[in-house]
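Just so it is clear, A, B, C, D and E label the chains in written order, and each chain counts residues from 1 on its own.
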Amino acid sequence: MPQNFFCNLPDRSLQGKPARITLFVGAYGSGKSEVSVNFAIWLAHHVKQPGQKVVLCDLDTINPYYRSADARAILTREGIELIAPIYANTNIEVPAVPAAIFSVFDNESILAVLDIGGEDLGARVVGSLRDRMAGQDIALNVVVNPYRPATDTPEGIQMTVDALAAAAGLQLHGIVDNANLLELDNQPHLIDTLPIVARASQLTGLPLLFATTLGRNELLIQAFERLAAVAKESPAALAATKLPILTMTRSIHYPTDPFALV
Amino acid sequence: MQDVSIVIAGFGGQGILSAGKFIATAALLEGREVSWFPSYGPEMRGGTANCSVVISDLPIGSPVINDADVLIVMNGPSLDRFISHVKPGGLVIVDSSLVLNIPDRKDISLYRIPASTLAVEAGNITFAIIYLLGCLAKQSGCIQRESFEAALTDALPTRHHHLIPKEMAVFDIGGTFLNEN
Amino acid sequence: MKPVFTRTTGLTDKPFHYCPGCTHGIIHRLIAEVMVEMNILDTTIGVSPVGCTYNNYEYFACDMIQAAHGRAPAVGTAIKRVHPENMVFTYQGDGDLAAIGAAEIVHAAARGEKISTFFVNNAVYGMTSGQMAPTTLIGQVTTTSPFGRRPEFEGYPINVSEMIATLRGAVYVERVAVNDFSHITKAKKAIKKAFRVQQEGLGFSMVEILSTCPTNWGKDPVASLRWMEDAMFKQYPLGIYRGQDLEV
Amino acid sequence: MSNRVLMKGNEVIAEAAVRAGCRHYFGYPITPQTEVMHYMATRMAEVNGTMLQAESEVAAINMVYGAAAAGARVMTTSSSPGISLKQEGISYIAGAELPAVVVNVVRSGPGLGGILPAQGDYFQATKGGGHGDYRNIVLAPASIQELYELTVEAFNLSDRYRMLTMILGDGALGQMMEPVEFRDVEPIENVAKPWALTGRKGRSEHNTVTSIYIEADVMEAFNNKLQAKYAKVTENEIRVECVDCEEPEIILTAFGLVSRICRNVMQLAAKEGIKVGLIRPITLWPFPSQTYAEIAAKPSVKAFLDLELNCGQMVEDVRLAVNGAKPVHFHGRTGGNLPTQHEILEHIRTLAGRNA
Amino acid sequence: MARTEFNIELCKGCGLCVSVCPQKIIALRKDILNSKGFHPSGVEDMDRCTGCTICATICPDCVITVYR
């Protein structure tokens, strides 16, 4: 079990020592790639020690678009190495798994984030790497966006988690709440739906690891304080009040967006 | 000489389309401009068939005939369909063995030839159309006898060439009929 | 010491882009080795399919053309008709050949086109990410048969070799596998035989090659080979389906 | 004169192809063009060529793709629904820059469509038809003699520009007979094809024929190259016939068979003192826009009347070319019907203000 | 007397050669990393190599050259 990132108000930023290799799985559109890129950046800033390097592996074999390889420029700037299928971001849709993926298992000095393709189908690629993962310090986390159909109820999230675990053939370690409707400021959405995700955490027995926001922290803290006020009535909401936050920057855009990759 | 536009119509199998080709070939052999435009499609298989032949000394505009100089018909429905498209002063040649009711038009020349009956009597039903073509050649002057004979030789397979003298005799008989209007 | 196993000159220097453990690479090498051994590299024209191997024209050192999905047999037919003295092969996957291109392969075989088809069957669509193929096994889970292939809903797998073998124009049809040394050796012999049949002008030849897809099967490469033996061999028995007595 | 023979349009397409050096024909039967296959079946045997009846139109066009890549002069013919099926292959041929000739003897659509004359495939032929940014040269013959000449020319154009040339005919053109003289229109060009698949033989590099480029920039550069080629075709290859366009009152504009009906109408109109001119595009792509613009600028011209066997397709290009200089009217017939000379004349009288 | 050479830059570390070697002398080499950052296949005890070519035959990426 990896370290959890629980923290106290008012500083809700991620802390602690994560697993050496973190995998993000999730349903289509849950925001796995966005979370992966930002988590890798957080690792680079807060966890990486001298002699270590952070590697982001784009293992999405399902969908050739909106993938973490889109953030190549930002990753390069942050000194993060990207491993992606050789045809990622070309005209070709051959989602071959890059052999370099093995480096994250073979090289202890790597802190790795693995961005896995959508749904249980994408998680199947994890199955082909199962042998390599044995004995490694690994966290397999599921990213949830409660604004997406199928993961908009605690039960829906539970079913999704079960399907992902079955396809990957591995036990999941935790849930990431990535509530968003794509707009810049997702805090209201996060507050509105946190109880759903928190309840799913109880149902599945998987800890709620962190939530993500694109917005301003002070607003978020106010909102959490409001949530804490009603927390006594809901154990799920109570859990939420302790939730650490990953403040994200947008990095994966459709290439026509003039602000992409700036 | 002026353009001649000829519509030939009847049932499929009566040699309608071939008759058009004979006329067109004969005119071509005389060095004239010519077009042959068939009705095709479902009509080709068992239903009615018709074709349009235009002969001219100048390049031909439309191969599609709206107003015909000559109408040759071998069944009733075709006559009903095309009779109103014959120009005033035009020529209508009818197989009267098969077409009984002929609409009353006094502004045309009308030739009624019991072609199918005559052809059966002559021992070959395929001759029927030849009587009508003989009449066409004689009355319109659009093709010469010699070029028609040459066209038959050209168009018919060698194994049928022995029929040509008999067909030419039939052709000549067709030319003996008189205007009934 | 002499080299007894080297990279064949039938391949270009370009490294394959396939996933680790994907056996397309073995099949490419076998075809390339046979072309060199038969001295036909300079006269062979290959037809690339649509699928993971769409750009294998970059790997084979002979003249190559990329065909639309399923149409390789039609393209190959025409090339052979234009250059009857040349050798023509098509390289096709199970979606390409047995789904969208079912008509083309059947008719090329029925016409007895003097081309050789190498049909790679891995029971799944690789390129478009793991959908059900015509050859997907009963019960096999794919992205488009998430409940496992159910005969009553998705129907049955197609045994292409058995089907093509019913056609008189197909003079040589064999199913092989590339799961271990002896089967790979047999596969190479079959590929050579297919080319020999073409060279002799006898008619259409096809070798169906059972292959793996570790990524979309969700199994590591070694386990994938075992799954091929355990699951695929039952549905797709190896052997010669036409041309048992053929001497070429 | 003695060199002239009476032949059906479909037979002439086939004979023209053979005389143009085409030795590979792949087709699938569909009325009203099936006689091309019938003729080819025996004719190709005489010249040691190949006529292969494919299993489908889809297979046929992909055979064309293969044969063209192998360096052969190759043709397929079909009719509207069959041409729709061929579009993927046509796009591949454009994407791989291969020369080939495709003939469409148009049926009346949409859907299955009737077998009578129609021109409803103008958009499909000139605006793409298949996927992607590409053009085909589109030729629209109006007589059997011209059908011969343009079919031969289609092979030369295809080889010269490494692109597909389409003959857009109609059911009537395929089925009618007229005299044709198989004169040598133009010496058959022998364009070298070093890119063709022949087997490597002496070459150090292997040839590949493909239509995909992995990098976006390379793919864009390829598209730019195609467009430059199309600009060159537009500069060099526009063909158009203008009849009595010196000082006309009304300009008729039509392609193919309809233009011939227009010629008869022009004589009828002349008898009534109406000066009518005719613009007949022979290349539908590239479209003779400049000719339209120049004639539209003439003070004598009151209006254009575009006639087609469809609900108004080429008229869009006519309007773009005339660019508002003069009104452009449309007269269309569909379902396999042809406009009569009388109805066209009536329309002309109205436009010329000659009606009571 | 035999020898195998591995073109480690072409190796994708799939491990098929490891699984088929009758002498059990092929392994992913923990002592080296290739430029892609992982341990490629290699022979640990070349003296025991028989040059049977089974590893080269199953390799999907033409990594292995065998001398005998």
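Operating definition for what follows: a contact is a pair of C-beta atoms (placed from the backbone, for glycine too) under 8 Å apart; a residue touches a chain by one contact, two chains touch by 3 or more.
This is a predicted model, so every value here is computed, not measured.
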Partner chains that chain A and chain E have in common: C
Chain pair showing more contacts of the two, C-D and C-E: C-D
Distance from the mean Cα position of chain E to that of chain C, given in whole angstrom: 26
Centroid distance [mean C-alpha coordinates] between chain E and chain B, Å: 88
Distance from chain D to chain A - Cα centre to Cα centre, in angstrom: 57
Rounded Å distance between chain A and chain B, as computed from the means of their C-alpha atoms: 86
Multi-chain contact residues (two or more partners), chain E: 12-14
Multi-chain contact residues (two or more partners), chain A: 87, 92, 99, 102
Touching two or more other chains - residue numbers and ranges from chain C: 18-20, 22, 54-55, 214, 220-221
Which chain pairs touch, all of them: A-C, A-D, A-E, B-D, C-D, C-E
Touching residues (chain side chain A, partner chain D) in the complex: 87, 90-92
Chain C partner contacts - residues on chain A that touch it in the complex: 61-63, 86-87, 92-97, 99, 102, 117, 120-122, 124-132, 167, 169
Residues of chain E defined as touching chain C within the complex: 1-3, 10, 12-16, 18-20, 51, 53-54, 56-62, 64-68
Touching residues (chain side chain E, partner chain A) in the complex: 11-14, 28, 30, 33, 36-39
Residues of chain C defined as touching chain A within the complex: 17-20, 22, 52, 54-55, 127-130, 143, 146, 214-221, 223-224
